[in-house]
Amino acid sequence: MPKNQEPVYYGDYLKLDRLLDAQHPHSPKYGDEAHEEMLFIIVHQVYELWFKQVLHELRSIYRLFQQPSLGDSDLYTVSHRLRRVLTIQDLMNDQVAVLETMTPQEFLAFRDYLVPASGFQSIQFKELEIMLGLTRARRIAFDQQSFYNRLHDDDRNYLEQLEQQPSLFDCVDAWLARMPFLEFGEFKFWQHYQAAVNAALDRDEQIIRDNSVDAEQLAQELQGLQANRDNFSAIFDAERYAELQQQGAVRLSQRAMLSALFITQYREEPVFQLAFQTITALAEMDEKLTIWRYKHAMMVQRMLGTKIGTGGSSGHDYLRRTTEQNRVFKDFFAMATYLLPKAALPQLPDSVKRALGFQRD
Amino acid sequence: MPKNQEPVYYGDYLKLDRLLDAQHPHSPKYGDEAHEEMLFIIVHQVYELWFKQVLHELRSIYRLFQQPSLGDSDLYTVSHRLRRVLTIQDLMNDQVAVLETMTPQEFLAFRDYLVPASGFQSIQFKELEIMLGLTRARRIAFDQQSFYNRLHDDDRNYLEQLEQQPSLFDCVDAWLARMPFLEFGEFKFWQHYQAAVNAALDRDEQIIRDNSVDAEQLAQELQGLQANRDNFSAIFDAERYAELQQQGAVRLSQRAMLSALFITQYREEPVFQLAFQTITALAEMDEKLTIWRYKHAMMVQRMLGTKIGTGGSSGHDYLRRTTEQNRVFKDFFAMATYLLPKAALPQLPDSVKRALGFQRD
Amino acid sequence: MPKNQEPVYYGDYLKLDRLLDAQHPHSPKYGDEAHEEMLFIIVHQVYELWFKQVLHELRSIYRLFQQPSLGDSDLYTVSHRLRRVLTIQDLMNDQVAVLETMTPQEFLAFRDYLVPASGFQSIQFKELEIMLGLTRARRIAFDQQSFYNRLHDDDRNYLEQLEQQPSLFDCVDAWLARMPFLEFGEFKFWQHYQAAVNAALDRDEQIIRDNSVDAEQLAQELQGLQANRDNFSAIFDAERYAELQQQGAVRLSQRAMLSALFITQYREEPVFQLAFQTITALAEMDEKLTIWRYKHAMMVQRMLGTKIGTGGSSGHDYLRRTTEQNRVFKDFFAMATYLLPKAALPQLPDSVKRALGFQRD
Amino acid sequence: MPKNQEPVYYGDYLKLDRLLDAQHPHSPKYGDEAHEEMLFIIVHQVYELWFKQVLHELRSIYRLFQQPSLGDSDLYTVSHRLRRVLTIQDLMNDQVAVLETMTPQEFLAFRDYLVPASGFQSIQFKELEIMLGLTRARRIAFDQQSFYNRLHDDDRNYLEQLEQQPSLFDCVDAWLARMPFLEFGEFKFWQHYQAAVNAALDRDEQIIRDNSVDAEQLAQELQGLQANRDNFSAIFDAERYAELQQQGAVRLSQRAMLSALFITQYREEPVFQLAFQTITALAEMDEKLTIWRYKHAMMVQRMLGTKIGTGGSSGHDYLRRTTEQNRVFKDFFAMATYLLPKAALPQLPDSVKRALGFQRD
């Protein structure tokens, strides 16, 4: 105990007087207390506490990424804290089951008293989305209009100012883009790699032709394969890559995409452990957010069917539509398309291995 | 121990000689054994064992539903066994995480040796889908063609013959349709109910008008509300209901739909516990199958990106597309749209209550 | 929206200004902010919110049990809300994983600033234990002394006054004791039942004698069997039952024990669904609390080894010792010892069946 | 598809004819088929398949550890495969819930037909325990006698021969013992470390004295602290360490213990990532096995109370007793007792840092 330290009491430290006096159901103002309103309040308050914690982690990660360079030790901290965020997300996803113990009839007993409040007014959740990189322009059309509606002015101003800053996505892209995996002097890694991927795609084409069950499926599969060929070759062509970006097919910059591919291909090498864990954790964060939105949508549907929510919109439908589009780090997910088995990899020259830390002398 | 019973040995009882000699990786035939091929085999074998157990339960439930009437004790058995199926499904869904411990590179080390085998050749899974009621005509177009492809003749014949029999959906529909909740003598329950639902929809319309943020959203929400009004009134009009069925908007028969609505509305009444648990469990079975397909699709994408599977088709995309369409019992899910809070329910006359078992004298 | 209702705003409704301003790490007062102190605070605050919710449910259940009689509809409410408590407990148990993302070193960076605060000062958790029936006299010796130590006077007074009131255990015991399963007129159910259980125990003895592998094991198993025989016969003998109670071997009253056994034996009968679900849920609540204490103890050990906690006591050891002893409803758990297969049950006469609701005419 | 490769069919590849024909309930031989016997068989078969997979992983890890030295790439493989084992263990632990969907009455309907088979006859599970290092001499007394009973001769011989080989524990101990963390030339790391730990223990003593609530607790806590002091100093004294080993207080060799402490203390350093992940995974494997035994014991108690199992022994009690004692890697768990916060660590000289890979030039 540091000198001059006052003895600490559990309830004071946690500010329980404040925390446990923040639940004020509205139903008693209009009639009998609806027993389940307490559950409704506490479930949402717990979500807000977790949002606060997730923002605490993401802000600290953001600060690390904003440094000119990111050392191994910082990268450990980043990946350690991202894993914490994922653990919290698992809990938040399971928490939907708690609200599902409320029946529709129990909810209807106080729903009308909450009009027009809505979970879409959670500033912390919106801040989380913006910080990740889900900015206005990236949203689905409907969302672009409605995202800033129904908010108090100061809340809206706060969020709009956040939009002006670089997002975590931007930081991650910059970090990947400055990695030295694009040229290795004499060694033409990427030419070899392209050749090996193309050989693999040729083999896939043969499998499709040998096993297709009818002409329609054959055509469809070949078309998919051709898209893979086109996308892959575009990664090496600045102009065509820019087109893919414009179409929204990819979001990472070209250099960042190549680095991410290199890291993913060599994921098993000890030297790439932390970098691979980091990009994987970002993709999983997206995935768990998607699952949260999905579970939330299903819960709302169980509760209200296609009735409207208290904010006057049929939330479940909205949630459904955004479930897929809102991934920020989806490029990391598509990476597997271009991976090769170890046996098919171009052999790295010793000088390159040494430079990349694969070899200790 | 019954007389004349031979002493039983654990390994014999479980036929472990057979069970543990059923894993034969193919990679050693072509080079080094790929370490992860064992995992690949065992994960799929465990799925097949669970499928066998699920079919064991569903067939027994099916037999109970085929009886002319279903007593409380049978209904207990049905809902007890459905809960078992749900517990197994939870496990099967979590099992995806085990296969995800295999990296794409580890999979690519033996993928080519499995051509053209594919999980779409699992006869037990197809039997499960058909038994539930996911028959050929109900599938998405692509699936109608491909469902019976790539199968050995005897497997295909077996499945096609299963399609001829009534499904579990058909049995459940018949059970609901013969319930006595449509007429209550003098008491016009459904008129009262319609009036109360319409009043609730009017109130929702007012909330929408008071809280819409722009004209476009207002129009959209009002349109959704109108669809609810139309659908609800169609439930009471044989002709329009038939149209909804034809469009695929509903699948239950009209009488079954009304029974399901009545049960869902009175879910909290002890007399409806078992019936409500049964229809809820069926809807959850659908939901957990959906989650299984989704998780499976995500796992395939992590493993292969948009590469093709060993059967020559890009499975993840297929799985994605079928994720939503394949719900058999989705009508139970939509039910909440028309639920009323307890306070708004028409008061049941004592004679009706007694007939329904709400009152004991 | 009720007339005169003010429009509700999400953040106001949830008192987010208060809730999100209740996290004040101490480390910045003594040096750099320890990044993980925020996590430590929020994890404990979330627990306190869930405790509040669990108490909200248990108090409402308690009130229902205090009524002179408990109708089916109330029993539905009891079992519905107990299931909600179980769902929350699952989440609380999984939440331990969130705190485990903090390394020991990260914890040590601020541990000294919290002296002598301790989780043992959580008034809500102590209230929960007392309400269930874990009163002072029932605790392990060490705990009897320390339970009320380190508390502010008003907190201690509050808890001591709670001890004076009947617990949930007492209410449940009274509810079971007033059930009419002890005499059925002419029909000597319990004589038949005793005979059938004794026959089953004889059969077990034969199995033991046939299969024991050595004298020591034989003696040990036979001793266990004899204890079962003694306990079972004591259930029907007021005097010997009182001795078992005195020894702490059983806690339920004799009449309540017999009712619980009857309900457990006929658990599959629709008429006993709700009662069986209720006693099962109470036993599961105990079990999940046990798991919570265990996981908590393991987490503390990972964090501190056998170091002391901030309150100056080596908490993990304490938690370990209380893990098993603190079950309130353990009698429900032991019930299975005396269950019979359906085929061995005495046949109930129709008059009894009708009286118990097994038959509808 | 490699040339000359036969086309592969899903059902053939998985040997489904064999796998799905390995379920033969015994109840039909004696009367009606007990519906739940299928579940009982399949649940145990799935466990056996997972055991086979876990053994597949552990054997491969064992081979890597038996090499004269373990490179980073091998260590990655070890920790990758251990994580897979942990994922499978999570699933096995959750699988207990599936068997719990069987009621005691449902089990009693076929239990007698299985006499005297018992889960204690699972050869694969025993092999798993022996391979980890749970050899005969390490077991609790009761277990030493019974472990090899009730087995067929060839099974017992197989296991007894396994006992003669070094266990995974032995390999891990040797790997840790040959690490170079004990001497750093001039730099007296361990002297500094001892001084810092002792200072921390002094501070703990002050906290205890300042905050103890009565004399008894004070004495108890001081005694615990003294034990920590004694154990810690014994780590540096070969003779006293040997005594601790003899008493069973520690199992690792002295050198291995110091390496494990060093690694745990510097767990956040990138260079120790893989080693720390490995020892943590081993401790977690123990922990998950403990949870499996515990859940299994609770399930048996729910099913049978304190009745005997089919093998004639009251398994749940046995399982309870072994729950704690059977940890193989428990030394890794106790490590936290002697950890220091980063700020209190002795400063490593640059030469040492470089030698350990903390610095790249």
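Details
In order of appearance the chains are A, B, C and D, and numbering begins at 1 in each one.
The rule is short, and it goes like this: a residue touches a chain if its C-beta (ideal position, glycine included) is under 8 Å from a C-beta of that chain, and two chains touch if they have at least 3 such contacts.
All values reported here derive from a predicted model rather than from experimental measurement.
Fewest steps needed to get from chain B to chain D, stepping only to touching chains, is 1. Both chain A and chain B are touched by C, D. Farthest from chain B, judged by the mean position of CA atoms in each chain, is D. Centre to centre, using the average C-alpha position, chain B and chain C are separated by 34 Å.
One finds 39 Å separating the Cα centroids of chain A and chain C.
Separation between the centroids of chain C and chain D, computed from CA atoms only, is 29 Å.
For chain C, residues that reach two or more other chains under the stated contact definition are 1, 80, 112, 115-116, 207, 210, 268, 310. Within the complex formed with chain C, the chain D residues making contact are 103-105, 108-109, 112, 115-116, 145-146, 149-150, 203-204, 207-208, 210-214, 216-217, 221, 224-225, 227-228, 265, 267-268, 287, 298, 301-308, 310-314, 317, 333-344. Interface residues of chain B, counted against chain D in their complex, comprise 1-2, 5, 7-11, 13-16, 18-24, 26, 30, 35, 38-39, 41-42, 44-46, 48-50, 52-53, 56, 60, 80, 83-84, 87-88, 90-91, 94-95, 97-98, 101, 112-119, 121-124, 152, 155, 310.
By the touch criterion given at the top, residues 1, 72-73, 75-76, 80, 206-207, 210, 268-270, 273-274 of chain D touch chain A in their complex.
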